[in-house]
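Same chain, two partners: chain A is paired with chain B first, then with chain C.
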Partner chain A sequence: MENAKVRSAGETFAGRGEGLPRKKKRYKRGDTVAAYLCLLPSFVLLVIFTITPLIISFVLGFFDVKEYLGNSFVGFGNYFSVLAGLQSAAFYRSLLIGLEFIAIIVPLQLVLSFLIASLISKINRRYSAVIKVCIYLPCLLSGIVVGSIFAYVYNYHGGLLNGMLNAFGLGSVDWTGEKGWAIFAVAFAAIWNGLGYNTLIMLGGLYDIPTDYYEAARLDGANWWEQTVYITIPSLKNIGLYLLVSLVVSSFQLYEIPLVIVGAGAEHSVEGPIYYLYYQFQYSDNMGEVYAASLLVAVVLTLLSSVIFRLTSSEKSMD
Partner chain B sequence: MKKQIAAVAVGAVLALSAGLLTACGPSGPDYGDRTPVRLWCQPFTEVETQDWLESHVREFNETESSVGGGYYIDLHWVTEDTWDATLKAAQGAGTQPEITVLNYAEVPLNSLNGEYTALDGYMSEECFSDLLPNMEEITNVNGSHYIYPWFVEPYSILFYRKSAFAAAGIGGAPSSWDELYQCAKSLKEKTEYDYGIAMPNTAQLGWVLWGFQAQDETDGYFLLSKDWSSVNVQTDFHRALFTAYQNIYRDGLTPAAAFSSYNEIYPLAQGYVPMALGGSWSIGQIKNNYPEVLDDIGYAVCPTMSGETAGKTTAALGGWGMAIDGHATHPKECGEFIEWLLGSDETHLMEFMADLGYSKFAARNSVEAALAGLPSAQNDAFYKFVSSEILPYAKPEPVYEWAVSEKYADALIQASKGENVDSTLAQLQSDLEKILKSGGQGTYPYGDAQ
Partner chain C sequence: MKNAQNITAASAPAAKRPDARRIILRALMWFAGAVLIFIGLFPFLWVVLSSFKPLTEIQSIRFAFFPKKWTAENYAALFAGANRYFPQGTSFLRSVGMTLAVSGISLVLSLLFNSMAAYAFARLEFPGKKLMWTVYAMNMFIPNIAILIPCYYVVSKMGLIDTLPALILPGVTYIWSIFFYRQYYLGIPRSVEEAALIDGCSRLGIYFRIFIPMSVTPFIIMGLSVFQGFWNAYLWPSMILIDSTELFQVNQLLAYFRNTQGTHWDLLLAGTVIACIPLIVILVIMQKYIMQGIKISGIK
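Showing the complex of A and B:
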């Protein structure tokens, strides 16, 4: 009798597609619909604010765009102007400055956030909570506010930094006006602004590493350095990759902080790609050139990200 | 009871939110269903300008032409920092102002791009025939007027503290760039001031230097030849200017980073420096904000390369006016407002000049004539000084593209930081030639070459 019941259920399953399997299928479809509904708002926003402007920029990049005279087709003229014409020097300079920001900010951010996260993970949880709050606070400030704060710090006349130098009998330095200093001044402010966020992400990764690994390593006689090199860093690979990509992109796109701290001074020495686009947007007579340049910047960013993914592997270190 | 408390709490939150939202919304008189005509203006350093414009817009909105015409002027202030980006975005979205307050140098090239509507069809002929002769060059592009002047203001003018000059034993204001250097040196060495002079050195340098460039008597148009086909910067004039700047910075006679923007005279008024260059607006700021130091402020024409100043151009002539947008849907109404405010009743502008301490100057014959009969203007020493020694010779600002002026400013900054003057000028020459060739600006773009 039991076998008959089982056989019957099996027949139902195989023959008519009813019963449990059908319920399962219906459940899956409902799940999928819910997932799509959850994704819909993000997708709509992505279409409105990213995909549509990208398509419009791509199309208008082929036109001489004059707001009051209408558009005229110029083929690759705008791209030529940006890559090899009048705009090329400023465009390449901005890309180079973006790369300089990456070279200064990314390694420092990664190393500092790792060290601070390691420190926090080792200390008493009550004190670590205080440190976490303190270190995260700058992240709550917008780039404009951070720029304003550091504009005061770097101010030539009575700024905090020069005040300290003067207290030691040293002369004032034009931190934001001298080409050599300006880029470091901006990079330092950006690091201060982003350190808390990166540290907390890194800390999350550290907490996720099973303590068994360290116990086993200690039993094998591994010291702190060996544990860090052979356990901690490999286990943080995915988080490190995420931070690396996001830091590269954000450093390359640095805009509000240099705008507020330095402005167009210091011979455009902190004018990265987005600042360059903003500047061209304001003053260019031909918006088509700006659209072309913005697409080229997007291409450079995509290439940078691709290179990072290529050079690093994103497999998980553990299940 | 709990429900009541909850209801009161919700009511309080709603009331507070409504209050906050009301506070965030536009304020001012309610003009009912009249059509708004947008007017955009940048806030000036001198708040009196804002006060004057706001009160006169309110006054116009109560006039018969505004009420009867079913429209009102909707004034918006857009900060200088965000002006270009906000305007571009608004133009793209079709929400740009119908009337824009802008400086004269922007007019010619922008009007060729169709950005403004010619005013001639919307304002009476008398408005234009009343303009001072030198305003034709500024307002007229290819036979049509695209901007109606509000005021003019020459720059640079030399301002100094009389007490500092006396302490340093300096008898009179310097007239040449060499004397300016010596004077700044004496002030630094013989007085308690840390610096001798505040030189303009900010992102605004691109236009500020037009004041110096206007002094160049070489046959040409500022940095270019008359027909804009070649560049004239490897000359004795520019070499001398770059060298003067370099020497002043090298010897620490001016701070490495400027105390303020060129628009502001407070470093002189508050005693940070004993001497500064500024525009005519500077005296208005001192009169209105620092009356206690007014008696200690001296002024003179800007020094020139040769030291000759009598009857010579020592300043550029800047200023602001109003233009109608090229896509304005109410050009007739715009014209009516501009004519009412700036083109007809002289008392409007006379009040303005008085409010600003006679630091801004008329662009119309009738206003100038009216001021000539006004004792407060005629007894104002600064007004008489600028009217007689600077304005008649001041040269309108150059109207070629901004990139030219910006490159010059970058080069001057490099020289002031110790770069070799000759090689900097040679590089500048090359950069400007590239702009002329690539930017399509190689020929004078409108009318006959000057």
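Showing the complex of A and C:
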């Protein structure tokens, strides 16, 4: 008994000892109040417009949500019908179209931006400043504006592309109406839209490579090609990875450019995941299914970027 | 340095021919640079030129680069106000004003709210700081697409469909900008605010009197991309503006000019050009900050 008492006294003493040197007082009241006041607006908005929607789509994804009949629990029923139900073909098709955009846009964008960046890095400052501004201009424009510009470029009558073909004696092509061409027409517009940004990021990476690397390589007699393969490309690895992931994510989610250029034409061949979700959002009679679908698309996106990270980091371990 | 000169001197024997080669190379570079400028500007320039063609020329079977007959009638039609080509209740000028208003209010709120949060994370100690930081950081990894449609549900439950706040509020908290401001504030030496603290200035007072005036550069850099995002918005406004055409954003009107019923090329081309003007003005005036912003976005 006594022992226990002593021990507890010791404990309280030790506890107090820890607490004493103003550890609890580390937070000044004024600071705490000020901090919560500062965080309040952004946090409230974050909770209302990001966290709540996320929770809602998790929860309601398990419900049959009818506008006037109320909700009924269906378990994984919504996920099942998105992945294997009547509408599943449309879902997979939209994912596939997203992947097609990735396959066309990402490699071209990476190669072109690398080539253009290495070109600009060799041009003198004043001229390259002008070039930078000019190639960055398209990146500022909205998807709708880029879409409108290229809708007119591809226009059957009076369009730039057919006009040039006709000038060479070739016939006009229905770029946005034919299934085979439409996706390339969209991809080209998307590349024009994003090229400047990617190039400037690449260029930043190029400028960061110490010039003595190249001097050393030149001393060893390395030619331009060898310098590029052994110095430039390995040094751009991190930036390349960042661009790769952001390009994959943005190409997968192309929406406004195909919407304006092609619309529902070309046998629905440019309707990616967002197109699919928006369509379901407008016409589905069970919103639960739409929430499930949007979570699934988000999962696919996350998987895509984590696969890229996995692949590139395994490459790293091989080095 | 001397070494380097020696080396170039040593490799000089073949120097005579490389001189000619270098000139050709430089000319090629200039040419390639011109091609790049051409690629960047050409489609846009052509649309600008075409917006001055009369409608018959825009759709003419025979392609022409320059207008045969210059006319401003497309712009006149665009700004003429409501007519049958517009959704009822709006005009182009009105939607430009509305978009500017939305972008402007959002810009102010975004700069203020996010930098306040950044200040708390950078300078203040408070219980739950780590947890809060984790919550904010985790939101960076939520793909937008997961939130878009349920966010509509939230907005409709709040009764905000077809209202201005619904256009503005969901986009205000911008985690990446909080990270950016915080990084910037961590770089400001503490001595700057110590004197003010001793003088009895409150923490909020320090934020308003010392930190905001010091934030001009990060505010411009972030503000540009915030403004661009709201000026260019299409998907979210098209979801939540159903009946209130008077709130229509510029990009919504442009998309309306090219819809399933057909394309009003005259309005679309002129509208496209107008929609680009604020962005081009910003690019020309603020290019230094834009280039800085790109550099920073590459580091993230």
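In this text, the second predicted complex is superposed on the first by the 262 of 319 C-alpha atoms of A that agree within 3 Å, B and C clash if a C-alpha of one lies under 4 Å from a C-alpha of the other, contacts with A are read in each partner's own complex, and residues count from 1 in each chain.
Operating definition for what follows: a residue touches a chain if its C-beta (ideal position, glycine included) is under 8 Å from a C-beta of that chain, and two chains touch if they have at least 3 such contacts.
This one's a predicted model, so the numbers in the text were calculated from it and none came from an experiment.
J.: Quick one: is A:G263 in contact with chain B, with chain C, with both, or with neither? Answer first, second, both or neither.
T.: So A:G263 meets both chain B and chain C here.
J.: Is A:T176 contacted by the first partner chain B, the second partner chain C, both or neither?
T.: So A:T176 only meets chain B here.
J.: Regarding the shared-chain residue A:A222, is it in contact with chain B (first), chain C (second), both, or neither?
T.: A:A222 sits against neither chain B nor chain C.
J.: Let me test your reading of the model: by the given contact rule, A:T52 touches which partner, first (chain B), second (chain C), both or neither?
T.: second
J.: Report for A:L99: first if it touches chain B alone, second if chain C alone, otherwise both or neither.
T.: In the superposition, A:L99 contacts neither chain B nor chain C.
J.: Give one of first, second, both or neither to describe whether A:F281 is in contact with chain B, with chain C, with both, or with none.
T.: After superposing on A, A:F281 lies in contact with both chain B and chain C.
J.: Given the touch rule stated above, what does A:I308 touch, chain B (first), chain C (second), both, or neither?
T.: neither
J.: See if chain A has more residues touched by chain B or by chain C, and give me that chain.
T.: Between chain B and chain C, C touches the greater number of residues in chain A.
J.: Mind working out whether A:K122 is in touch with chain B, chain C, both or neither, as first, second, both or neither?
T.: second
J.: Let me test your reading of the model: by the given contact rule, A:H157 touches which partner, first (chain B), second (chain C), both or neither?
T.: A:H157: touches chain B and chain C.
J.: Jot down the residues of chain A that show up as touching in both complexes, chain B in one and chain C in the other.
T.: On chain A, the overlap between the chain B and chain C contacts is residues 155, 157, 263-264, 278, 281, 287.
J.: Hey, which residues of chain C end up touching chain A in the complex?
T.: 4, 7, 29-30, 32-33, 36-37, 39-41, 43-44, 46-47, 50, 57-61, 63-65, 109, 112-114, 116-117, 119-120, 124-127, 129, 132, 135-136, 139, 141-143, 145-155, 158, 169-170, 172-173, 175, 178, 202-204, 207, 228, 231-235, 239, 251, 254-255, 258-260, 263, 265, 268-269, 271-272, 275-276, 279-280, 282-284, 287, 290-291, 294-295, 297-298, 300
J.: Flag every residue of chain A that touches chain B in the complex, lowest number first.
T.: Answer in residue numbers: 66-69, 81, 85-86, 155-157, 172, 174, 176-178, 263-265, 267-268, 278, 281-283, 285, 287.
J.: Note which residues of chain B are touching chain A in the complex, please.
T.: 84-85, 88, 91-92, 109, 113-115, 202-203, 255-257, 259, 272, 326-327, 401-402, 410, 413-414, 417, 434-435, 438-439
J.: Quick one: in the complex, what on chain A touches chain C?
T.: Interface residues on the chain A side: 26-28, 30-32, 34-39, 41-43, 45-46, 48-54, 56-57, 60, 116, 119-120, 122-123, 127-128, 130-138, 140-145, 148-153, 155, 157-160, 162-164, 166-167, 192, 195-197, 200-201, 204-205, 215, 219, 239, 242, 249, 253, 255-256, 259-260, 263-264, 273-274, 277-278, 281, 287, 290-291, 294-295, 297-298, 301-302.
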